[in-house]
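Following are the structures in question.
The two complexes that follow have chain A in common; it is paired with chain B in the first and with chain C in the second.
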Partner chain A sequence: MNILVCLKQILDPDIPARDFRIDPERREAVRGSADLVTNIFCENALETALQLKDAHDGMITVLSHGSEEAEDVLRKALAMKADEAALVLDDDAAQADPLQAARVLAAAARKLGSFDVIMVGRESGDWGVGQTGGLLAEELGVPFIALVEHLDVDEGKLRIRRQTDTGTEIFEVTPPVVISITNSENNLPRIPKTRDVMKSYRKPLTTIAVADLSLTPSSDSYFRLVEISVPEKETRCELVEGHNLEQRIDAFAHRVAEIANTTR
Partner chain B sequence: MMPAEATREIFWNVPFPWLMYVLLVPTVVVGGWGLYRRLRLWRTGGPAMRWDRPKERLALVWRHAVGQGRTLRRAYSSGRASSSSSVFHLLITVGFVVLTMATTVVMLDHDFGTRIMRGGFYLFFQSLTVDLFGALVLVGIGIAMIRRWLQKPSRLVFTDEASAILIAIFVVAASGFLVEGWRIAATHDPWGPWSPIGYLIAQGSLAVAEPSTLTTAHAVVWWGHCVVTFAFLAWAPYTKLAHVVTAPLNIFFANLDGHAASLRPMDFEADDDATLGVDDLTKMTWKDLLDLDSCTECGRCTAACPAHTAGKSLSPRDIVLGLRDLMHDGAETLLAAPQDDTDNAPALPILQQTGALSAESLWQCTTCAACMEVCPVYIEQLPKILDVRRYLTMEEAEMPPSMADAMTSLERRGHPYPGTRLSRIDWTDGLDVPVMSELDDPGEVDVLLWVGCATALIERNHSVVRSLAQLLQHAGVSFAILGREERCNGDAARRMGNEFLFETMARKNQALLERYGVEKIVTPCPHCFNTFKNDYPTVGGDYHVEHHSSFLAKLVDDGRIQSTQAAEHNVTFHDPCYLGRYNREFDAPRQLVQISTHGRTPEMEQSRENSFCCGGGGGLSFTEEPAEQRVNRQRASQALATGASVVGTGCPFCMTMLEDGVAAVTGDLPSDDAAAKIPADSMPADSMPATRMPAKRMIVKDIAELLWDATEASPDT
Partner chain C sequence: MNDILICLWSANGFDRATQGVIGAGRRLADTTGGQLHAVLIGAEDNTLVEATSLRADHVLVADRPELHEAQPELYLAVLTGICRSLQPRAVLLGSDVYSQELTPRLAHRLEGSSMADGAELTVAEGGALRVRRTAYGGRANAVYELGRQPAVVWLRARGFAPAEPIQDHHGTVTHLDIELPETITARIAERYIEARDGVPLEDAALVVSGGRGLGGPEPFEELRQLAAAIGAEVGASRVACDEGWVPASWQVGQTGKKIAPELYLAIGISGAAQHLLGIADAKVIAVINSDPDAPIFKHAAFGLVEDYRKVLPALTAKLAELATR
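Right after this comes the complex of A and B.
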């Protein structure tokens, strides 16, 4: 089983609200003192791939589209015991929309070899669009299954369990296939051993300049970012009054109804 | 007829005295082998540098081996001083030293032709003194027997060997008295009364037996005494009594740099394949192995261990004894040629599934160093625990889940609090605190105020650092903070065993501090303080760092801060381990407490170097523990027992651990309001009775808060 896992580096979504700022001109978040981390759903995907490899053998390649700093994401994946890593270097990667990203990833995947399964995270922790996986499948011309929480290999076929709003669906698929992985209690990313972290820095890492992928520049994106802003939150505290509990509950209910009506 | 000069005949009534010299040979050979078989095991250990500063080392041996300094200290158990158990040890040791001197005198006169054993010396020393000190041995053995067989304190290990040792010592001493007494009786020794115990035995025996019978009995018991004593000497090196030799050795080779620097430095560049941490007894240093053979099974370490006291399975004593047994059971493996270190399974694996050497127990250690503080023979338990943690963390990535979360957060965000909504500068709101990156010339700043993760990211501690910053401003100190650029300096990573992460963080921090030309650091966190002071120098960082207690105390001494509105409440001070035991700063915080209040400042039963950990060190503040096994509750109870209404401290971890502990013990909810009003003292300072009534309520305050409340500039009044 030859597996490709796509990893995206994002601004740490766990930074305190106070430290999160945006640049309205450039329409992007300001890095500030925030750290860059691997998108958590991508880590779930990697963990799923690692478990598949542990159970059935295989080869895991990790791929990222990003700036030089995205190397950290790949090194960490190598430390978690991915076998090979490739970085598509693109200083404008942060501005890429899902379609652009999917085209880059598809071109890189073709360049890297042939894969039975290509895994992506459910969505990214920064924009949360959740479309790169589907678009990537389209670009590669293979099936796509979204929100997968578990997969297994059975006589060359993949048994895939995906979450739906009403329950779970089980698919049987013949590779190649693109799947997006959702988080579950079974795919919490493992903590790499320090020995493997140390070794990860000595492993080779393929770097591909985005220009070398000979993508035709296109302006046909379906996706346009118009404006971004941080929603302003206002908190006010009001105390309702009344002589006894009943009156206070009454007053409270009235006030809630009032507010609901004005904001409707 | 009275002989002209007082003395006695050596080997009187002893048949075949030459046989004694013959028996001496197997005694020395067997006993010597007992020691040599230990020595050759130690020699298999890895290198450790313990030959420097010989004068200091000898002084330590003088104080703690000869003078038994630590043995004579009061031992603590469950927060109370236990009855002095060391008296018996002193009696037996001193008694045996004198008895050995007496035997030496006999040897000199008989075998080397001197004529010492006569006259006044014979009467006063060889008879009277030796007799009395022999009696002390019997008294000591009696106390030891009562302890071991009747009182049975739980810190002892109840082995047949230990009982046999007591019986052997008793037989040796008692038979010596019989020999003496029957000689006095049978020879009608005119100097007999100079040996009071022997004389009493002589008189008693003459009342029931003929002198001729006693002469025969003397010869038999003399040989009995000789054989038992020789057998005892030959056997002792195979038992815990070997500590007569190993303890002084171990004290000589003690770690003179204190607990703080006792973690072995690692070189991640040098050897790619060497196992990280220690999971294998064959990878220990010779000093580690000597430690194991020095243990006397006294159990003070386990009695002092806060985790053990709180009911957890951690037991430093059993770690040492477990490793000791592993060493002797695996002697052949140790002595075999060293294996090469690549990916081999451990030859003598240390980790066990259950018990003292299980991962579960080893993760319970708060790294408080109480075990090392009380060990009479200077065994280093803590580095052994941390060496195994290093292995677990770095080679196996196995640690309690909440610690793993903290570690991941450290890696990603430079602090151990995943999910915190606080930023590093939230506490500065409304205060004009300069930030290094916003200054035109950061080099002009005198002092870097290193806030620390636990202070910046735990809301309760904001009031602490606000008080500190305002005190510094009030005193006119030129200082700045790193603000959002500050990152954990690595203590948590190091104590959880991730030395690699520690070094990575240390290097990043050093680069940052270098950029701002930082030379002097003040911090309200003893863990950060210790890391800068003792850990950074081992990875190439050298700063002048002070804990805020000593820095503020100097400002007070210089008159730059004055306490003008000292409060009335009674304050008991809790020594943070990393400030007190690790860095021996006991007085500065107490000085600040003293000037902050007119009330009493009672001490807890365990304070200063005997302080009882809050339970939060070593990464334990990031874990959830079973409620009934929480160390902080034990400590809170001890603080409440003083009757004080405030427990002062100087550590952000102690702060939260003690607040939670007090809340749990008193049933109070922890106060959200950092500036919580101090509850009325459970009794006024001047009427506090000698027997303290436990306080019903108590709040926890940092010394900076206490001092700020007491200064004129504080707006709170």
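Right after this comes the complex of A and C.
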């Protein structure tokens, strides 16, 4: 299997709430001292790809559309044992709408080779719009499966398991296909070995200038952000009182029962 | 065209999410002054057809044996065909997995725009659809304007109020004659429904939920007993699901279920932004956590700062006693 995993670099979504601010001019989060990290669902995707390769052999190429800083994301992926890495260098990548991103990724994928499976994360930890995977599939003219947690190969066909609201479904797929990966207990990203981190810096990394993809600029934007704000939504939590734990549990139980008995 | 199309799956019946999509579509059509069309895909369900026709202007039934069980590639072909002939201003879908994955593909085929997880719909001057949703894992509210037509949006369906039947109104019902692609290269071959007693998490009025602080799968048995005492369902944070303590379908949060219970009792859950996003519509949040600085306390109505291990058996017993009164 020839696998392409798309990786997005984002602002660390785990910064404490008190440090989170929006720049009203730029209409985006203030970077401040936050790190840039690989979007977690993209790491789940890479882990899923690595497991497929471990079980069935294959070749994993990682691809990112970003600024020079996105090289970190690709080096980390190489340290996790991806085989090849490519960066579409674009200083405006962070402002790209999902359709622009999908067009860039599709053009880069065509340039890099022929892939059986193309993986993306289900959504990014910054804007979280989650449209790129489906659009990428349409750009490439192949099926799209969302919320995948595992895949297997059986006689040249892919068996792809994805989460639904009530359980799971298995797709039988003749490649190629684009899939979006969600987190599951089985695809927590592996931690690269120190030795592999060192080695990753000596591995080749293909850089593609976005201009070299010869994309025709779209006449209109896919959508436009017109408003962004941080909600002030904090309630004052009333801690139940009592002289001892038993009394506090009793008070807590009464508050819970009051609601429970009226909704029944 | 000012018309609105809503896409419903017959297998879901007239459930809360379906009602939310119909409500959202009705109000949007009333705003744009267009007609509301509803397409029902799957084995025809008379109750759903009837309920929809009391609220929509036109009901389109897409019933073929091949569509009785969901196949996204076929659904996409059906929806694309309908949209090409109706030319709607906006296309609305629910929040199930099929709706989520079809949304960008449908928008692409129709050269429109798409958006995920819409929480509120408005129409801008000039007619473009505006969608309010959260960003940055629930930390910010964003409003997007979708300039291209149609605007295809999957909704946080349960957050939208249902529509009442329109007085003295009965929408037209048309059975569609549809052509389906003969071969598809991605097909759902097997389905597994996780055994889960009681009502779905999304529909539960009371939810008891556990997280990292529980430390393993065993304490969830105690949560189940507590839940049973008040007739609640059990949910979990992402950590508990990622660790395999409970099934992924129990997850509440940005990437799990988004729920709106009367009471959400969070036990051993710190309250990461992505988790809070899943309970933003909960009426009352109550917390048991040993860490008084856990962010979830800032969103709770009442709480108990204590190690859950010292609380649970006694709390369960007390609740059982109070419930039987």
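By our rule, the second predicted complex is superposed on the first by the 231 of 264 C-alpha atoms of A that agree within 3 Å, B and C clash if a C-alpha of one lies under 4 Å from a C-alpha of the other, contacts with A are read in each partner's own complex, and residues count from 1 in each chain.
Throughout what follows, a residue touches a chain if its C-beta (ideal position, glycine included) is under 8 Å from a C-beta of that chain, and two chains touch if they have at least 3 such contacts.
The structure displayed is predicted, hence computed values, not measured ones.
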item: Touched partner set for A:30, first chain B, second chain C, both or neither; value: neither
item: First (chain B), second (chain C), both or neither touched by A:55; value: neither
item: Chain A residues touched by each partner, larger count belonging to chain B or chain C; value: C
item: Touching partner for A:17 - first (chain B), second (chain C), both, neither; value: both
item: Contacts of A:123 with chain B and chain C, given as first, second, both or neither; value: second
item: Touched partner set for A:240, first chain B, second chain C, both or neither; value: second
item: Touching partner for A:98 - first (chain B), second (chain C), both, neither; value: second
item: First, second, both or neither for A:209, with chain B first and chain C second; value: neither
item: Footprint overlap on chain A, comparing chain B with chain C; value: 14, 17
item: Chain B-touching residues of chain A, taken from the complex the two chains share; value: 12, 14-19, 32-33, 35, 37, 190-195, 197-198
item: Footprint of chain C on chain A - complex, ascending; value: 13-14, 17, 20, 22, 29, 41, 98-99, 122-123, 125-135, 137-139, 142-147, 149, 159-160, 162-174, 177, 180, 182-185, 188, 220-231, 233-235, 237-240, 245-246, 248-250, 252-257, 259-261, 263-264
item: Contact footprint of chain A on chain C as seen in their complex; value: 72-73, 96-97, 100-105, 107-109, 113-117, 124, 130, 134-137, 139-148, 184-194, 196, 200, 202, 205-206, 230-232, 238, 241-244, 248-249, 254-255, 257, 262-263, 265, 272-274, 284, 286-288, 295, 297-306, 310-311, 314-315, 318-319, 322-323
item: Chain A-touching residues of chain B, taken from the complex the two chains share; value: 268, 272, 276, 393-397, 404, 407-408, 412-414, 418-423, 426, 484-485, 498-501
